[in-house]
Amino acid sequence: MMLENLPLPFFVLLSTVLFAIGLYGLISRRNAIAVLMSIEIVMNAANLNFVAFWRYLHPESLEGVVFVLVTITVAAAEVAVGMAVVLSIYRLLHTVNVDEVAQMRG
Amino acid sequence: MRTRQPATEQYNPLAVFIEGLSTLFYGMLVTWRNFWRPKVTVRYPYQRKPMPPRYRGLFYLKWNEEKQRLNCVGCTLCAQACPTDVISMVKLGKGTNAGVSEFTMDLGRCLFCNLCVEACPFDAIYMGPAYELASERRDAALFRIADLAQGGEEAVRTNIETVQRLMAEEEKARPAAGGHAG
Amino acid sequence: MSALQLAILVLLTAMTVISALMVVSVRNLIHAGFWLLPFFLGIGGFYLILSLEFLFALQLLLYAGAVMVVVLFALMLTRDVMNPRVRQTNRLAIAAIAASASMMGFLLIVIYRQMGALTVVPGQVDAEAITRELGRMLLTDYVLPFELTSALLLSAMLGAIFLARNPKVELEEMEG
Amino acid sequence: MSMPVSPEKQSTLSTVDILSQGMVINVGPQHPSTHGVLRLILTLDGEQILHCEPVIGYLHRGLEKMMERRPYRHNVPFTDRLDYLAALSNNLGICQCIERLGGVEVPERAQYIRVLLMELQRIASHLVFLGTFGTDLGATTMFLYAFRERELVLDLLEECTGARLTYNWIRVGGVPDDLPEGFGEKVLGFVKTFRQRLEEYDQLLTRNRIFRSRTQGIGILPKELALAYGTSGPVIRASGMAYDVRKAAPYEVYDRVEFDVPVHEQGDVWARYLVRMEEMRQSIRIIEQVLRDIPDGPVQTKLPKVFKPPAGIAYSRIESPRGELSFMMVSDGSPNPLRVHIRAPSFVNLSVLPSLLEGTKVADLVAILGSIDVVLGEIDR
Amino acid sequence: MIEVVVQFFRDYPLLWTFVKAVVLASFTLLIPLAVIWVERKVAGFIQSRLGPLHVGPQGTFQTVADALKLLLKEDIVPSGADKRFFYIAPYIAFISTVLSFMVLPFAPGWVALEMNVAVLFVIGVSLFNVVSILMAGWSSNNKYSLLGGLRAVAQLLSYEIPMVLSVLAVVFYTGSLSLTGIVEYQVKHGWLIWQPPIMIAALIYFICALAEINRTPFDLPEAESELVSGFNTEYSGMRFAFFFASEFANNFFITAFAAALFFGGWDGPILPPIVWTFLKVFVMIFVFMWVRWTPPRLRIDQILRFAWQFLVPVSLVNLLFAIVLGVR
Amino acid sequence: MGVKERLEQGLVRVPGGTILIAKLADLMAWARKSSMWSLTFGLSCCAIEMMATAASRYDLDRFGMFFRATPRQADVMIVAGWVSVKMAPFIKRLYEQMPEPKYVIAMGGCASAGGPYRDSITIVKGVDQFVPVDVYVYGCPPRPENLILGILKLQERIRAEHLAEKKGLPRPVREPIIIPESGASG
Amino acid sequence: MNEALQHLLKQLGEAVSEWTQVGANEVRLTVSPEHWREVVQFLHDDALWQMDYPADLTVWDTGTGFGVYLRLWSSVHNHNVIVLTSISREQPRIASLATLYPGLNWHEREMYDMYGVIFEGHPNLKRILLPDDWEGFPFRKDYVAEPSGDPLHGPQPVD
């Protein structure tokens, strides 16, 4: 509805910023769950980019959206497995700190 | 004493589900029936349940219309019978015609046990149907003779007058016999 | 673009970026988890702007609903190891800033150089038709990825159940 | 499940992990399902209860000591406030004890009246159990139905005794007054209604699958343990031990009426529930027999004004709705007892709770506690 | 005058939607008053008593008084609570309810936001409720609240799945994700409830709806006898009122949703469509209450086991049937 | 109470606002007295009568009263039964956890004045020693009607408080507690 | 009953100082406190008695000492036994039966709470009914409570 005056670079820039934020969190966070949250940000940035490119460049075929659909599903699966891993690590080692987990690897 | 889960291992979820649903409907029949039944609620401030004659509410001192006095003679038998020392009184006069000038009861510790009534040989006190005892004041628990006597203030006054008159008559009759009460 | 539209756009952008920043920087991880909600909503809002109602609903359902709740659940179950007073970043924090800044710079250069290709006018789409078309495509052209995703989801679910399984902890202890 | 704690306490209490081992939580003393002011300190491993420590005494008033300061007969009204759901049973308990101490005979008609009142009281008490047990498990309607029928019993008792809850209608040497006019017919009328209502309860609750899955196999009390702990009443009978004082040591005219002692073998919450439901039916049977057989005659033995029993020790035991209620009195020949001891059935039944709860889930706590049916007034005395 | 207003809103459709949203929000605030009153009356009648009676004729103003009083109560924030989240949690719950009402068609054209993926939207938005419960439970800094919150979330998520699956059966029948579309389909082809797979779907939906709005036998999150008051233990005054209101508005919504999905929405003879909608909703609400006041509640593990071991497989199989029978 | 103050501050500036405030205050008092949720909290015998009052025969819901398990959502605390020293701190704490405006009904002789336990060293002789009591419901135990009467008295009291406030009078102080002289301790 | 009683007297004659038979199946034994545990153990284990049900345990203050009262019941033989003993005021100690009959655990705690009688060998002898910080043993005849003046703590005034 308001796309007429909204250029594509806006979306690209936005997703770049979000991607960078996500990347920062990915590297700097210690808690495994926080790392997973950062990954979600990165994935959402990518999704946004996909959809924007699809909308501006190839609105006639829906490949971009299909890809996003697949990504979202994968993200859901990833979170499910990720949380299961985190919880079992927590039960085992009583920590969810990625650094400590790496050190404890025996 | 481990909790045994009710046969989780070999239970058939479908059968349980159907059983659960059917027993639920079965129970819902009961609630349905009760939905249409007449309600048992007594709408209290507007509607009252009649009290049975034996109901033991707030007690009162009986007024004897014939003798124009309260039946109480101030013998303190009821106060002795009370397990929680609810009653105190001041005796008025002496002898057979004695009365009571002050009679106090502390509702705050009354057990409504009826022992005082049973102890009274003169049928002077009685536990009546009054049960509305709520108050905003704590000292509302303290009932004086005027609150307890049948007929209130008026009755107490008449009672004292009657007793004093009787005392006076007795006094008049006594000197002839040469004795004195006491 | 009307003023109202501009305002909505600015608000949406601000909400998304700020909440993303909060997610990665807030000390209290539960707060970070709750900050995911406006972030996902913001992304969903952009989908709506891009006339993808379906994706918006999906975003709500899967991200704002499922993913976020699972994350929060995990956070609350492990909350005794995350003290909000403790720094939640590791030694790499500065390196991380550098890395993400350089990554962003790199991307910005790429975008800047491709600016010409990016200045395009969006085509018209029929919002209602998209959902229908999407469904058709998923069951015809893209049936293989679709099925693969479902297989992935199933295996993820089984894997998650297997991983989370603990001889002592049964399903009923999901609630604590 | 702590009671809501005060702000200053909260900050230290919270953020204890729920999953971690040995978490200690508090249930009560103000908690909707502790049936009064009972406090349970639970040590948990996840959802499993490792250890439970009941804390009692929140209603303690030193009644036994207070009784030592009063003449024998003045103590009867206080027993109303012991097990306030079955005040008449307590009245009977202490009166029997005093009668044994002083060698007082009770007229036959008074004995019949006592049995009649006792069984009405049992029904009223079990109805409270049924109602509160229903609420504990979430069946709120059951609570209101049970209380609705309980009001009918209370109406009867009120007409006979003049009070709703604290009757004080059993005296040393009999009962203070005869039954009121037409009482028998009213009781029979009630019995007729109540039979139908019992069917309704079965339909609403007993047969309900959810109810059964919440109660069956939960909180199993083996027979040996029930004996060793000295539990009594429905608790021990649900564990397969047919111990009922009315049969084991018949008092009043219980040896002249016919009734069965319901016994269940499983020892779980469900069995305790069933035993109580069955007991209500048996009480109806007793009531009908009593009304059929009741003889005419006086209802009270005359006693001296100052009652001084000879020195000695006497005890009485009766079957209150909660189990074996026993009074023990030591007399030194003075008008006041030297010592009154009340063996409250709930006190003993509650002491088995820690071993019942060990290893169960927190969610079953309310069901188990509700099925023991304790009254804190007599536990704390 | 009216034309000017109409024209104004035609020029600014977003503003028009906003107005509708405000109207809906007030509706969401007011409808619980009616629902709670009905609930208390029905509960009273089922339990042989009269329910609210003395505040207004037949106690009709009872809930108004309750709401007013709650607004005037002191607003306690427990010390140690996470203030910000504690503050906003009830509003999130409330907003989620308002948002679901946005796409609900009350009558032809009476819908605040025509959305072609309304069904998905509703389900997505209802998950906000879950977030708010987690937020409330966590931020209260009370063990009861947290336990209640986690339990509530476990329960809501578990029952969301069979619920979505049973709703999807309807979607496959009608080929539409829009609620208006679904109702229009039923106006044309007859109510869906008469289709066998949908019948089962409706039953599953009914059970899940009971769990979603925390009704007995699934009222564990608020089980008084176990967790004092569940996730809202620490809430008082206005914030509690919002939780309360959104819970009962949800009750209304979930039945209205069912009416649209299975019972033809506004479809019905003689009476105007809006009346039909409300009629169906209130009949269903009555049934919900009737069920609520009958059985005891389940234990949390039984609830979750029932969802995962029974409802999910059954609704999956049922969905397959619906696809086979329904997709043309 | 924040809403009320803010409303009042806003309204005085409006012409005719004072009348509006008066009407508003009426409404508030009405709401407060018509919807008293009480705390599920029973101690002893009186608790059973309290339950009976809530049950079908007397039905407290008629007055808009129902029981809330958490003190945060309760307006009135009915102390039903005797209070021992071991229990008193908990009652005080529960009272403190209730939000303003809050009311206390002492049900039964024990909660009001110590009841029959006059010579018990563990029984507190009346809860008004540590929480302010608005209505005393005497009786042992009070009949459900009696409790309902107490509730009606409390409603009157709430109205009276508000009327005093409206006329600019100070809120009626809770009447001084006069501990009755013991009946016949001698 | 008679046979069992004879058996008991034969085995533990010196411990039982006095005995009376009341009715068909009730007997009262008075034992010395040193033999308390021994007698009860015998009653519990012996095949002729099998007193497996701990019905009641209490203590009373005789003014000079404490009397202890134990009532047992046998679910097998339907015997009732009352065992009595008395202990001195200065040394209120007696063997605990809580390990033999877990049901007596709380009774013994209560008696400790009220009379200060120490049950030796009790697993958890602490106050049960009174607050933990209560001073003195209120059921003793010589106990005088000093009102603390605080409704939330300590003894309350009486009138």
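A, B, C, D, E, F and G are the chain letters, set down in written order, and residue numbers restart from 1 in every chain.
Throughout what follows, contacts are C-beta pairs under 8 Å (C-beta built on N, C-alpha and C of every residue); 3 or more make two chains touch, one makes a residue touch a chain.
Please read these numbers as outputs of a predicted model, since none were measured by experiment.
J.: Kindly list the shared contact partners of chain E and chain G, in label order.
T.: Common neighbours, chain E/chain G: D, F.
J.: Go ahead and name the chain pair joined by the largest number of contacting C-beta pairs.
T.: If you count contacting C-beta pairs, the leading pair is A-C.
J.: If you average the Cα atoms of chain A and of chain C to get two centres, how far apart are those centres in Å?
T.: Each chain's C-alpha centroid was found; their separation is 6 Å.
J.: When the C-alpha atoms of chain B and chain F are each averaged to a single point, how far apart are the two points in Å?
T.: Distance between chain centres: 24 Å.
J.: Between chain B and chain C, what is the gap in Å from one C-alpha centre to the other?
T.: 72
J.: From the mean C-alpha coordinate of chain D to that of chain E, what's the distance rounded to whole Å?
T.: Chain centroid spacing, chain D to chain E, equals 43 Å.
J.: Of all the residues in chain A, which ones touch at least 2 other chains?
T.: Residues: none.
J.: Would you please write down the residue numbers of chain G that are in contact with two or more other chains?
T.: If we look for residues of chain G contacting two or more partner chains, we find 130-131, 138.
J.: Which positions in chain C touch two or more other chains at once?
T.: Where chain C meets two or more other chains at a single residue, that happens at 8, 54, 58-59, 66, 73, 77, 169, 172-173, 176.
J.: Can you list the chain B residues touching chain E in their complex?
T.: Checking each residue of chain B against chain E gives 8, 13-14, 17, 24, 27-28, 30-32, 34-35, 37, 39-41, 43.
J.: So in the complex, the part of chain E that touches chain B is made up of which residues?
T.: Counting only chain E, the residues touching chain B are 42, 44-50, 53, 290-291, 293-295, 305-306, 309-310.
J.: What residues of chain C sit close enough to touch chain E in their complex?
T.: Spelled out, the residues of chain C in touch with chain E are 4, 8, 30-31, 34, 37, 53-54, 56-61, 64-66, 68-69, 72-73, 76, 127-128, 131, 170-176.
J.: Okay, in this complex, where on chain B does chain F touch?
T.: Where chain B meets chain F, its residues are 39-45, 48-49, 79, 83-89, 104-112, 131-142.
J.: Contact residues on chain E for chain C in the complex?
T.: 12, 14-15, 82, 85, 115-117, 120-121, 123-125, 127-128, 130-131, 134-135, 138, 146-147, 150-151, 153-155, 157, 160, 177, 299-301, 304-305, 308
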